[in-house]
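Take this structure first; my questions come after.
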């Protein structure tokens, strides 16, 4: 009986969040380990399903690291990495495209449909969603088909959202000549959040958030100002894979997104907790 | 931490109900003691607020017993009762109308608005919602302005629902000559559920439900067939105030409403539990 | 035969007014003696019915003086008046609310429905129409639950107008804590006219209009400029109950309402004549 | 003052008609002397203007007899008549078309626009409104380009009505090969009334109505059943120009039009009186 | 087989034009000899039909010179011309109106309908499309009912376009007193193109275009700047009937029309070629 | 000059087809050699682009044979074939899915977007488009993840068509447990044509059509009745890969599709010629 009361209480406490976020767009970047563990994957998809039922408009942006590497392995292709990025020749790019848009994307779509919401997968080619160009490296290195977003054409996303679908986006971009590019998924998430004037950008990652001292997990920063974030990138406390995440947050904030979060995707239901409670998990990047 | 996980669990478990009931209409009859206790009143209004936020379309139908008696007392008017019903002369009817449509109705509207949903109060006169006629008693007794529903004109309800309002209905009907009638609120709830082809009719009352043996609370009937209900009315096991409730359920079922429930309004959040869990509280009347 | 020609003539002469006012909103304040005489009441409701049929959008705002006093009398409550206003304790406020929103409002709605138009009654609580605050008196006196309009939320009015209803408004406001206030009906009419950018505000009253010399009925002012009106309030020629009427006109004019009129509600069909002819009855307040 | 009251009374008395006919379609056939007298023409156009402002949807169908004859005279063309119908060669047909669609039609449109409503002229060619075929005479006579309606394509009328225009129709039809035909205007009016499922078909003519004894004006028949009308055509009491009018009424009635009237177009405002009062002028043909 | 490939090629080559002009409005002035030759008339109407099917919105504006003169001849009326314009008395104006709006307009409408598109004819009176005034001549001469456009009211055109009709416009204007005026068709075409913010104004005429030296057909100017055009009017190289055409182009360009063309209506399918290829026929007037 | 006239002629001759097919849905199955030759691929995509611009609604369904085999080869996987079908284990299925939905689908989308239309790729998982089940073989053989269509859910196709997109469909289906299946693309095309009540189903293949005698190319059957088709399957004249094509046509015809065609995809622009001329290429299967 008491359990029943608690149950009701939880629902009641979610009201202000449901109210505040009703009909609002949430861009959720999903990647890393949270994508490798089947149970975690299921838990994230359930969270997104619930957000949809509660009247929010989630958009899922995904990467696909390990599975790409595995597939490249199968065809006996070795990846060279330069400055932490995969040098992407034509054959590699085809594999990237196939794994992202053909495998992972459709798996996520299938899970969401299975939970009773309507999901539709798309990649940057569909409806010209992500117009890209070859990424220019400061040192002039040639990374092959690694690209940058030139322009976002969100019409197809609006069409799908208006009809109640959850768009699931594979981060492959298309160039003006029809060539395809692999684009960092965090960057794409930031761009989409900006183009859609999203309420929130939420990046699920493999750590708890950003640490004052990366070596000391007790130094998690719950609220990080842009200025300080830039400084921490400068002095190296934010480094490697965390850099594009923080930059995506900054980009989104500077283009009208209200709130951006980097949270721990390894913890079950961290997404729900971030959106529907005031527990303050992970790091929020703010202006 | 575990508490957080439970919290998420509760939300996740509500998904199938939210999904099934999305956009569906629920007629909720609210009366009796649940209306006298300020805390319970608040709890019921919170439940309705949450249902609205979860995408359901609740309609609230209310009575007003004790406050009417109190007001009649203030003006020194005594109520005569005949067959359990108040003999209602012109002056009494004016008081009924004022208390229901002017006081209680607006208090409920105010509470719902306060919780952040949009509510609008109406009574049977508004938009000709409840066209009524003088109730004919089998024995030919004259109960004065006690009426029966002749016709429901749901257009105004559809207008309000389409714009996201929770309609709150005071059960005063209007005759073809413009005269007003007091109508049993359970009956009105059943009529509205039928007219709107509601998903559910839920009647909040002061007991746990219907008992096989009214004297033995362990004999609560969780599922009651119409045939048996009629038999129990016949043999008196269902009597007095419970009769119109059961009849409202039967009427609604026979006119296309999917499910009807009589539940215990004294228990906090019983409404939420009925709608969002499969705990099976109270009595469900079924075809 | 000649009578028939005259009949046609009258209809023909109304054309320019029907054309000019088609689809325009008219806020009509109805109160005083015009509300006590059943025949006059019927005549005013017929006028409003006709305006609706001719394609105008009337909104009816009503007060309820004498019936409130009568009801207070019945429960043995005496009204104290301060500066011409009723000191309103909690119990008095409940009576005001019940008489206005529960009795008079519904009677007017019923009459309009009876004449074949669709009317819906509401008071300031419904849809948060009239957000109010305790009225601050210059001398610091406490009038109890006498309020002022803080904010008008016209959404529900737009919803009803769009679906062809005549909104009938009882002038009870609601405070941020859910408490209710009695607000002067002239003031509310002016606020609603401004919020809806009405074509006209028409206040029906118990005199012919505003007199140059109140003692001399031959000095009726047919057109009164705001500046002069303010002067006349200053020097006392406009006093007591006429002050809020004139102030409502000034408020409406200053907030975009095209025309404001104070006309004699005791004369049958004065409303029709004001709107559909150029006879120039009553006093028009102009910028 | 009394006059003012009468004026209001006339408006009030029109309410039930305005209410009953709101948004309903009225096909009005206008021709004969009512079209030759400029004052009468103005009066008919004013009536139609008022009906439009009152919320009805009038459609004007016109003939053009005398002006056609006049124009034919100017070019030195003589009309041969057979069984009361003009034998129409190619040159005559061109003149008919020009006078009807180019002159009279546009004059009526101009007058209506001048009175402040929106009117648009069209003839049977526009939007393929009137698909016609050569009229087959029982005796096999060749009347040239005299046609019959084969099919009505009302889409353009619906388009214009939906945007608030009064369609003014010249009764020229178009054959499957693009050839044009002169069609009796009464017949067209009956066909359009049927195609639009009009509320009323009203034919303005040069007599008071249909007489029991055409020689005795005291024998006007106010309500004529189809059966009797057919009998009177048989025995010749209804003859010549009155026959197509009565047949148009019968056709309309048999295809779903509620009411059909033949009234005296020579009497000013007879149209208004027919629609907005219960004076019962002219003859009504009923099933 | 090769022919089949060529056939496909032609369709493929039209793609960029179809794409660029989809849903765009084209005002096409049609007159002169192209209107007298039945085969050419058919060819122009086929071109317009195709443009409609390809998704463009053509509007046809027509004059009617020779047929007017012929009809005037029939009624024994001689036209006096002053400065190249017909002095138009009342009787002449009636003939102009009848021939334009009653004959030519309906013939064009009939042909278009026959080819399977929906066309509707209108003249300046319909829906108050062309509000005109008496043309003021610099020398003060009185040309009678020769008018100038005062105001274009394009609502009826928008209504027809929105429902898929091709509007066919006879260039008769209506004055504020309801009097009618004959207006130069080139001028009307320019005014309509401006009022509708057309993509193109295309004037079909009886020469190939504008010549540097009118005596030397090898001096056709394919692109003519406004400044030069004005200069050529000044020095007489552009004269008589070509002046209003060039002025219409200049007017349209200065009021937001993107492109204006004067092309050879005597050449079959010149309209198609202008719109769907880059052959550059005729003269384009540009800013 | 003559060429110009021919050019116009071709466009004019397409009118009846454009008219007849405006807004109609065409399901086009694209596969085989037409997909391997880059020039042919470009030509087919241009044809589809033109059809879209002409107002038709093409839907592209594609297979992917050779590229799948190539990819399987790269990962060293050998395909076993049983009764002409690939035995599809989990790893093979992943490759099928990736090549179809991730590579070919996106290439086609990119080409269409490049030609200026809006295209969006989807596979059977998206929006639950193709609900599938394991294919039951008559002999009980286990083909692994080879599936059959259980149910088509066309909502997402309607959403995309309504917004002007060309849907490009990869023929992967999803089972009730979320498992994926490879489905014959001809079969899917027939199912989609039926579900959308398409105007036409057109299957591009590697032969000219169906032959009376497969060994004699002069025996092409231009019109084949269902009965005869079934007979020819029976007696082996229609065999192997042609069987599912003919069965798809029969299925579509029996479920309300008007016309079905099997045409030669190796011939450039065969699609255009089939749709826009009456040359009668390939074989039409009819009821």
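Each chain gets a letter, A, B, C, D, E and F, in the order it is written, and its residues are counted from 1.
Keep this in mind: a residue touches a chain if its C-beta (ideal position, glycine included) is under 8 Å from a C-beta of that chain, and two chains touch if they have at least 3 such contacts.
Owing to the predicted nature of the structure, the values given are computational and were not obtained by experimental measurement.
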{"item": "Touching subunit D and also subunit F, the following chains", "value": "E"}
{"item": "Most distant chain from subunit C, judged by the mean position of its C-alpha atoms", "value": "F"}
{"item": "Identified repeat of the A-B interface (over half of residue pairs identical), from C-D, B-C or A-F", "value": "C-D"}
{"item": "Mean-CA-position distance for subunit F and subunit B (Å)", "value": "57"}
{"item": "Distance between the centres, which are taken as Cα means, of subunit F and subunit E, whole angstrom", "value": "46"}
{"item": "Separation of mean Cα positions, subunit E and subunit D [Å, integer]", "value": "35"}
{"item": "In subunit A, residues with contacts to at least two other chains", "value": "none"}
{"item": "Chain contact graph, described as a line, ring, star, complete graph or other shape", "value": "ring"}
{"item": "Direction subunit D, origin subunit C - full chain order round the ring", "value": "C, D, E, F, A, B"}
{"item": "Touching residues on subunit D, where the partner in the complex is subunit C", "value": "4-8, 10-12, 14-16, 18-19, 22, 46-47, 49-50, 53-55, 115-116, 268-269, 272-273, 276-277, 279"}
{"item": "Parts of subunit E lying in touch with subunit D, wherever the complex brings them together", "value": "71, 74-75, 94, 97-103, 105-106, 109-111, 113-114, 118-123, 125-128, 155-156, 159-160, 163, 165, 172, 174, 178, 180"}
